[in-house]
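All chains are identified by letter, namely A, B and C, in their written order; residue positions are counted from 1 within each chain.
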Amino acid sequence: MTDKKKTGHLNRRSALTLMGAAGLIGPSMIGRDRAFAANADATGQLVLAFSQEPTVFNPLMPHIEVDEGVYYAVFDTLFDFDPDGEFFPILAAEVPTVANGGISEDGLSWTLKLKEGVTWHDGTPFTAEDVKFSLELTMDPDFRSFRSTGYKFMRNITVVSDTELTWEMSEPFAPMAAILASTYIIPKHAFEGVEDKNSAPFNNAPIGTGPFKFKNRMAGDHIELEANADYHMDGPFLKTLIIKYVPDLNVMYTQFKSGDIDVIGLQYITPDHLAEAETLAGKVVTVAGTATFESIGLNMTRPQFQDLAVRKALYAALDKTSIIDALYYGVPTPTETYMPQQSYYYNDSLPKHEFDLEKAKALLDEAGWVPGSDGIREKDGVRLEFSNSTTAGNHLREQAQQFIQQTFAEIGVKMEIKNFPPAVMWGDYWMNSEFDSVVVGLNTLAGADPDTSDYFMSTMSPTLGGAGQNTFAYQNPKVDELLVKGASSFVPEERKAIYEEMQAVIREDLPFLPVFQYAVIKGWKDDVTGPAPNVNNRIDTWNVRDWKRG
Amino acid sequence: MLRYLASRLGQSLLLLLIVSFIGFAVLNLAPGGPLSQFALSPGMTQEQIDKIASQMGLDRPLPVQYLDWFSHLVVGDWGTSYRDGQPVLHVIGSHLFATLLLMGTATVISVSLGSTIGIFSALKRGSTFDYTMTVLAMIALSIPTFWFGLIAIYVFSLSLGWLPAGNMYTVGDGSVLDYLRHLIMPAVVLALVDVAIWSRYMRTSTLNVINQDFVRTARAKGLTRRRVLLKHVVGNSLVPMITLAGLQLPMVLGGALVTETVFTWPGMGRLFLDSLGYSDYPVVMGLLMASALLVLIGNLAADLIVALIDPRIRLD
Amino acid sequence: MTAATTDPAARRPFLKSRALRRFLNHRLALIGLVMVLTLTAACFIGPHLLPYDELYIDLRARFAPPGTGAHIFGTDPLGRDIAARLFHAGQISMAVGFAVMIIATGIGSVVGVVSGYYGGKVSAVLMRIVDAFLSFPSVFLLLALAAFIQPGPVMIALIISATSWMEVARIVEAEVKSLRNQDFVQAAHMLGLSKRWIMFRELLPNAIGPIIVAATLTVARAILLEAYISFLGYGIQPPLPSWGNMLNGAQQYLASAPWLAIVPGLAITIAVTGFNFIGDGLRDAFDSRTQGH
């Protein structure tokens, strides 16, 4: 990962492969888990900067991406995904699979074995009770928990011994392992005697089992973490980790250049600085793909968008190359689907998009959309006129929007820009599909699991009475069927076929016009080792235990 | 005196009530809300958002929410932040120092520089100096503060590389010199408008004093111009300025907000913008109330100080 | 109704008044007037002289520095001509400024005249509301409002007005209070004129001087506020240009394309300075105490 620029397409098989296939924990994984290594040699300080401020320290409560930057340092999950999408154990002694007996053949009974000798930052031993507590707290109706997906199937969590617990699932649910991989375990003893768990003192003085202890927080400025000398895995190798909040991306970049910041984190280096950043002496700069894809989402309940010819024509009139190369400086990768190209489940044989205004016009002509007196096409009283919304203040996206507006106008389509502040944009306006069309960056996956039921299942649209996030109000029985099949299968090869077919169906239907898969420009000082892009994790610190200086 | 105080306090409390009502209505009647920031998190569903909303009491009717919030406020409980679960007063308190440091420094600059300019303008009324200062002051009042900040960053940070472009200190340094290096640009930018205002008012105030009898008497008694100036003119012209300082408070505070956004200064202005972005209503309301409170106290204190040092003014 | 007026100076048409003469003798005010008129002319005539459309995107021409070809002020990140955008933006920013002036002065005058005329409890309630609005730093209130509306020129003008009417209200209230008991008002009462007539036809015109001054300064203030909220991304939305939203995003390119920040900022400064100069001149013109200076 120390290449100057590495686009990070790690096209190895990934994700959940352990669920059914035996023995996939290769020898490469073993090194990660040299338990109880001597960690007395932690030295030095590292300043990691984020452009948002982490403020939520109970990882089971509603939080945003940047908060997870702290969680990976302070807490541990049971197991996690590496950059190849394969599991490695953290608090678990081994990742439960069908092969090792951790999961029953039918996927309904789970057994989890934990590491021995792990302690919390306050010295209390970590046991299976803590895991049970964390899982149950997530399901507690009085607790403001972040997630419910998957947990609602969980029954009878039983502690067998200090290092073993079991539970049942009410139905087989393949994405459960991926959900557990992003469930941080918190200490039961910190909540004893606490009446309202939503406002426990723990929430601002977190105690974890992770590589770093929470030392102090200077609100609005930084959080200081110190090495946990008793960490149960290799590392940490840094004595102090400072997570600095720099609210402006230019200031953040300037400080990275001047050396005040050692690692530039979330929101990263802006694309317009890439060329300059790559020439900086003493810095490693790398472009890494993320699991978020940018698309123009269409509200399928609108009459204009119900005609497939219109959606196809709009897609043909989308000058992706100019958007990516000029506005985004070539950083992101064009895509035809929601699935990240690093994923095992990515379908690489989808038809390629071609920018062709003549074809777009022809498609519309054929379908009977003819220009009216003002040049805007119409058919049966429906005009090809709609609004497009996104977060006000997102400069690059607003530039793209205006550019798209101009090309769409050339084929007789009127797109009006109607942006909102974030709190309005992503509130009911988005959830209840009150928009005509949006520009949105979505990550529809849970970790490396390919299930996207919440986004594409026809019953998941809030505006059609569903409870998920199918805000495009996309309805296709074939997709519904594939999603059900995919979520209940534990065989990766089988699932791959299912999800590849689904990507093909969606590519044909175009409920959203895929633009690109996001990539971010990460940077760190060249005496820092450890930071590694991981498309399966939302944030840089997923392996902060391995970070070193010198 | 006591009666005056009581009535002023009563009025101030009434004001706070109105402020709280306006603020609450503005925030809560608008679409969107604190949960929209989670909408794009992977795995988030409408069902889950509804559940969290109901746990946080966001699904209750607005008047109920207002009364609930207000009844806690009167007993000193300003609520807890939606973001970090900390008491609002604690959240505001932890950002107060940065803002006070910035405002304090800017005020010192503007009062000293503004007063000096004002006094000299008055003494040399009609001179080129006076005229130039008048024009400069009006231009200073017309420059957008945030833009001036941007230009300062362009010149002193990006082009010359003399000063840092943002933040309050360097992590791991934090010496006085380090603070000063970070402080100087935002403080000067914030002070610019106030220098203009102070110099204008100080000029008027000095002119009023110069023309008063006791100054003429003092001159007639044969005191040197310098002594008269220092002893009588400056002291007396400063008295009305104390009231001005009180009245200027909302402007300085508003200016600090603007300056903080440009220089990524970790103060209350930054907190306000962040809290707005996350729809952290308790903190936004807290900041609105705190700033109104600060302004009211400032005005009250200014009136009292003037009354104490100037025996001619009676407060009844 | 001039018969009932006791202060003939104030009722004399402005164009013939001494105030106008004093204004015309005020050097700064004239400079201000010239600045504002020039800028206005540029904003309305300029677009017709330029070979570019302010909305036309040309990605091949992005980030052209000032003086590149016919791009006198350069181009923006989408390759649009900055001069064309600047002039159109000026139309919008100044329209917002004037709209705010009209709305805010209107609200302020009504509140002030009602409060000053009735006095007592009505005045107490109205003036406490004025105080309440004044005790918010207006930027706080404005941003709180702007964060939750659909931003467009009309809404932006409305919310800026909502935070700009208090000065006028105070000025008018004080003025009306002092006039309330004068003879001409008593006379109007005796003539059986309606309260509304007295308030708006008799009292308000007498406060016209200070109102004009405040109104001029309100334009300056509104342009500044629009610029600030649009700069933060809460104001007028692209592709519609305003001076403020042209600055939005300029910070990002400060090192590589400083003209993006410099050009609109200068335009704002010139416009605001112009209005402030005029306001200053008007104040001197209407203020009899400064006579002879």
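Basically, contacts are C-beta pairs under 8 Å (C-beta built on N, C-alpha and C of every residue); 3 or more make two chains touch, one makes a residue touch a chain.
Quick caveat, the model's predicted, so the values are computed rather than measured.
Undergrad: Where are there more C-beta contacts: A-C or B-C?
TA: If we tally the contacting C-beta pairs, B-C comes out ahead.
Undergrad: Measuring between mean CA coordinates, which chain is farthest from subunit A?
TA: Max centre-to-centre separation from subunit A belongs to C.
Undergrad: Centroid from C-alpha atoms only, then distance subunit A to subunit B, rounded to Å. What do you get?
TA: Result: the chain centres lie 40 Å from each other.
Undergrad: Measuring from the mean C-alpha position of subunit A to the mean C-alpha position of subunit C, what distance in angstrom results?
TA: Centre separation, subunit A to subunit C: 47 Å.
Undergrad: When the centre of a chain is set as the mean of its C-alpha atoms, what distance in Å lies between subunit B and subunit C?
TA: 23
Undergrad: Among the residues of subunit B, which are close enough to touch at least two other chains?
TA: 30-32, 158, 276-277
Undergrad: Any chance you could list the residues of subunit C touching two or more other chains?
TA: In subunit C, residues 147-148, 232, 251, 254-255 touch at least two other chains, as defined above.
Undergrad: Residues of subunit A touching 2+ other chains?
TA: Counting only residues that touch two or more other chains, subunit A contributes 248, 250, 420-421, 423-424.
Undergrad: List the residues on subunit C that touch subunit A in their complex, please.
TA: 55-57, 59, 62, 77-78, 146-148, 150-151, 232-234, 237-239, 248-249, 251-256
Undergrad: How about subunit B: which of its residues touch subunit C in the complex?
TA: The contact residues of subunit B facing subunit C are 11, 14-15, 18-19, 22-23, 26-27, 30-32, 134-135, 138-139, 141-147, 150-151, 153-154, 158, 250-251, 253-254, 257-258, 261-262, 272-273, 276-277, 284, 287-288, 291-292, 295-296.
Undergrad: For subunit A, which residues are in contact with subunit C within the complex?
TA: Where subunit A meets subunit C, its residues are 248-250, 270, 272, 322, 326-327, 392-393, 395, 398-399, 401-403, 405-406, 417-421, 423-424.
Undergrad: Can you check the complex and tell me which residues of subunit C touch subunit B?
TA: Those residues of subunit C that touch subunit B are 28, 128-129, 131-141, 143-145, 147-149, 220, 224, 227-228, 231-232, 247, 250-251, 254-255, 258, 261-262, 265, 268-269, 272-273, 275-277, 280.
Undergrad: Okay, in this complex, where on subunit B does subunit A touch?
TA: The contact residues of subunit B facing subunit A are 30-52, 55-56, 80-81, 83-86, 91, 94-95, 98, 157-158, 164-168, 170-172, 264, 266-267, 270-271, 274, 276-279.
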